[in-house]
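Just passing along the structure, written as structure tokens.
Chains: A, B, C, D, E and F, in written order; residue numbering restarts at 1 for each.
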Amino acid sequence: MVYLTRVEHFNAAHRLFNPGWTRERNEAVFGKCANENWHGHNYELFVTIKGAPDADTGFLFDVKKLSGIIRDHVIEKLDHRNLNMDVDFMQGRMCSTENLAIGIWQQLQPHLPADVHLHCIKLYETPRIYVEYFG
Amino acid sequence: MVYLTRVEHFNAAHRLFNPGWTRERNEAVFGKCANENWHGHNYELFVTIKGAPDADTGFLFDVKKLSGIIRDHVIEKLDHRNLNMDVDFMQGRMCSTENLAIGIWQQLQPHLPADVHLHCIKLYETPRIYVEYFG
Amino acid sequence: MVYLTRVEHFNAAHRLFNPGWTRERNEAVFGKCANENWHGHNYELFVTIKGAPDADTGFLFDVKKLSGIIRDHVIEKLDHRNLNMDVDFMQGRMCSTENLAIGIWQQLQPHLPADVHLHCIKLYETPRIYVEYFG
Amino acid sequence: MVYLTRVEHFNAAHRLFNPGWTRERNEAVFGKCANENWHGHNYELFVTIKGAPDADTGFLFDVKKLSGIIRDHVIEKLDHRNLNMDVDFMQGRMCSTENLAIGIWQQLQPHLPADVHLHCIKLYETPRIYVEYFG
Amino acid sequence: MVYLTRVEHFNAAHRLFNPGWTRERNEAVFGKCANENWHGHNYELFVTIKGAPDADTGFLFDVKKLSGIIRDHVIEKLDHRNLNMDVDFMQGRMCSTENLAIGIWQQLQPHLPADVHLHCIKLYETPRIYVEYFG
Amino acid sequence: MVYLTRVEHFNAAHRLFNPGWTRERNEAVFGKCANENWHGHNYELFVTIKGAPDADTGFLFDVKKLSGIIRDHVIEKLDHRNLNMDVDFMQGRMCSTENLAIGIWQQLQPHLPADVHLHCIKLYETPRIYVEYFG
């Protein structure tokens, strides 16, 4: 068993805001992150898959194909977007880094071949904050 | 003459949009960066000052004071903000990294002591794009 | 289950020296690290917690609160200190990175809420050496 | 139980090429990576060992000794080499990062003391691609 | 005047070898870098241009266009190549990082618009060695 | 003219303390940096030289020789040392990063060949603070 990780990048706007709460409670809980005019981040996304290397290629999976799958099904939906407004799979969810990592897992998994197992989504929101989700 | 640099960080939303242009022209020129629902970045800000070290302290300038000035006059205005909507010194300017670096220079310079010379504002918009302004 | 990591920073002096050994044996085992006049490092501290995201906030735990707990109970005791002389929880222990990581775990764990589980302390001593402790 | 990681660096040339395939099939599968005149990388190697810290030293294992073992048995064989042509332990294997990580594990393990357990070989091929192998 | 930098990446094989010298002299001067079977690197390329921001766009120059010019005229020729054998503009030159930076400048400059001035080519050969060329 | 930079690393203890001042004034000016039991840093040192590449080697200067000169005359004196107590060229000077960069320049310059010009000493004290000195 070997683990292979590909790192991708996207930029997005978001805010932390619970629509079931008053503005005051949102500001009390989320502080500056509740700014109604949004803020944003450069997200670094680490996608890790696991499996056995193929005898003919030495590859667990072709990293260019992995990169293509991530771009088509995740980056295309998130890059230069507003996470709260523009992203179908985040509708009705709080746009925390925790939920975004879970959402990215759910987007990616159906598009990987049967013999490739998604192991981890690691998502940096800032250089000092990241989340990992293992399914 | 010695040069001292302090690195600070802020997150913000923005969009590239010229209000004097049609939506079509904005999209043709700025592409995804014109998204009307905004996107955002983790900005890394490098502030470089120059001068002679003080004989008693060995300091060109106390880096904690420099950090405080940057935070009070720049980071406070930019962090977790919308550059187009929330930032007084970017009103009426295109929110490019070039103009943001120039704006940060103009914000900082009046607040530095007379014997400390601002040398450079270096601003990373993404890990692969940065701007430098020397006044 | 989701894992959330916060990165913090501190600077400290230390030396590797076993008081039960002769100076010669200390120098033979620890080399330059035994320098009686100390040396020091910029330590990078990664604190990882695990749990389920809250439905109302999307947070496993508010990262600002996590940062505050780390600062109050760990950084405050270590930053700009001498690990051998100034730090209560390292008294009577060798000041290796291994023991420092274990000590930081013991400092932090009692101050986290009951539903937040400390998962890992990762501590960089230099950019090329780090230790991980999982309790 | 504590985990200690040492990071080392080497540069090498390689190509991805299956000698049992035609040139056309190699190019179809490996693209630019099959270039018959080679290409190369700066590899970053993370070696993680696990065990209990020694009471007298505070060390899981002396990191300078670990570095020396890695250099003698791995870096010496790989640095400034052609992975396909110059490296005994890669003969007859595809020179993928997956296989190189497995080969490095096999090289290192016999040279570690009995009470030190090799935990992980993590190998960056580029800043955006890495492999992990846990034995 | 503002300076804008775009960072690009390529991987390549090379060797340091003066064909006018004996093998012994090449090995004496270049050591492991003369390995006849090649070695290689992940190169990081920083391209800096200077000029005045445009009033309508806020851009010194569209960074996507800059990236496209670098890719078409530099990366396409260097990525996954052998610098000594495959690269037209390095024929007859020693493949040092110094000469490669000069060669990249000469490749790029004719393809930039008249009002954009190439300021610096900065090229990392390893994380600890880089060259800058200002024309 | 080409510029070549080599990056080296050292760890050291220091404190900021003016012996001509009272303890109270030292603490008022230097805060935690005046801790009488010292603190320390991982310093990153960037040494930049300038000149013309040699026609036969393509080198401005052999980077391995440059590294050797830096190690012999600078790193050997600073690594795992106490800057205030152990370093001859810092005696009688405040141990600020500004003065340390100037001291390193003075140590290195006499040991470089006549046709190699020292251009810049850049010294990181922490990942967010650095000093540059150009002679």
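As a working rule, contacts are C-beta pairs under 8 Å (C-beta built on N, C-alpha and C of every residue); 3 or more make two chains touch, one makes a residue touch a chain.
It should be emphasised that the depicted structure is a prediction, and the values quoted were computed from it without experimental measurement.
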Worksheet item: Which chain's mean C-alpha position is the greatest distance from chain C's?
Response: E
Discussion item. If I compare contact pairs by residue number, which of D-E, A-B or A-C overlaps with E-F on over half of them?
Written reply: A-C
Item to complete: Give the rotation angle, in degrees and rounded to the nearest 5, that superposes the C-alpha atoms of chain A onto those of its identical copy chain D.
Response: 120
Discussion item. Counting only Cα atoms for the centres, state how far chain B is from chain D in Å.
Written reply: 41
Discussion item. Distance between chain C and chain D based on Cα centroids, please, to the nearest Å.
Written reply: 29
Worksheet, complete the sentence: For chain D, residue numbers touching 2 or more other chains are 127
Worksheet item: Between which chains does touch occur?
Response: A-B, A-C, A-D, B-E, B-F, C-D, C-F, D-E, E-F
Worksheet entry | In the complex with chain A, residue positions of chain D that touch it | 16, 18, 20-21, 29-31, 93-99, 101-102, 127-134
Discussion item. Could you list, by residue number, the parts of chain A that touch chain B in their complex?
Written reply: 9, 11-14, 32-33, 35, 37-42, 79-82, 85-86, 126-127
Worksheet item: What residues on chain B touch chain F, complex-wise?
Response: 1-8, 48, 53, 56-60, 62-64
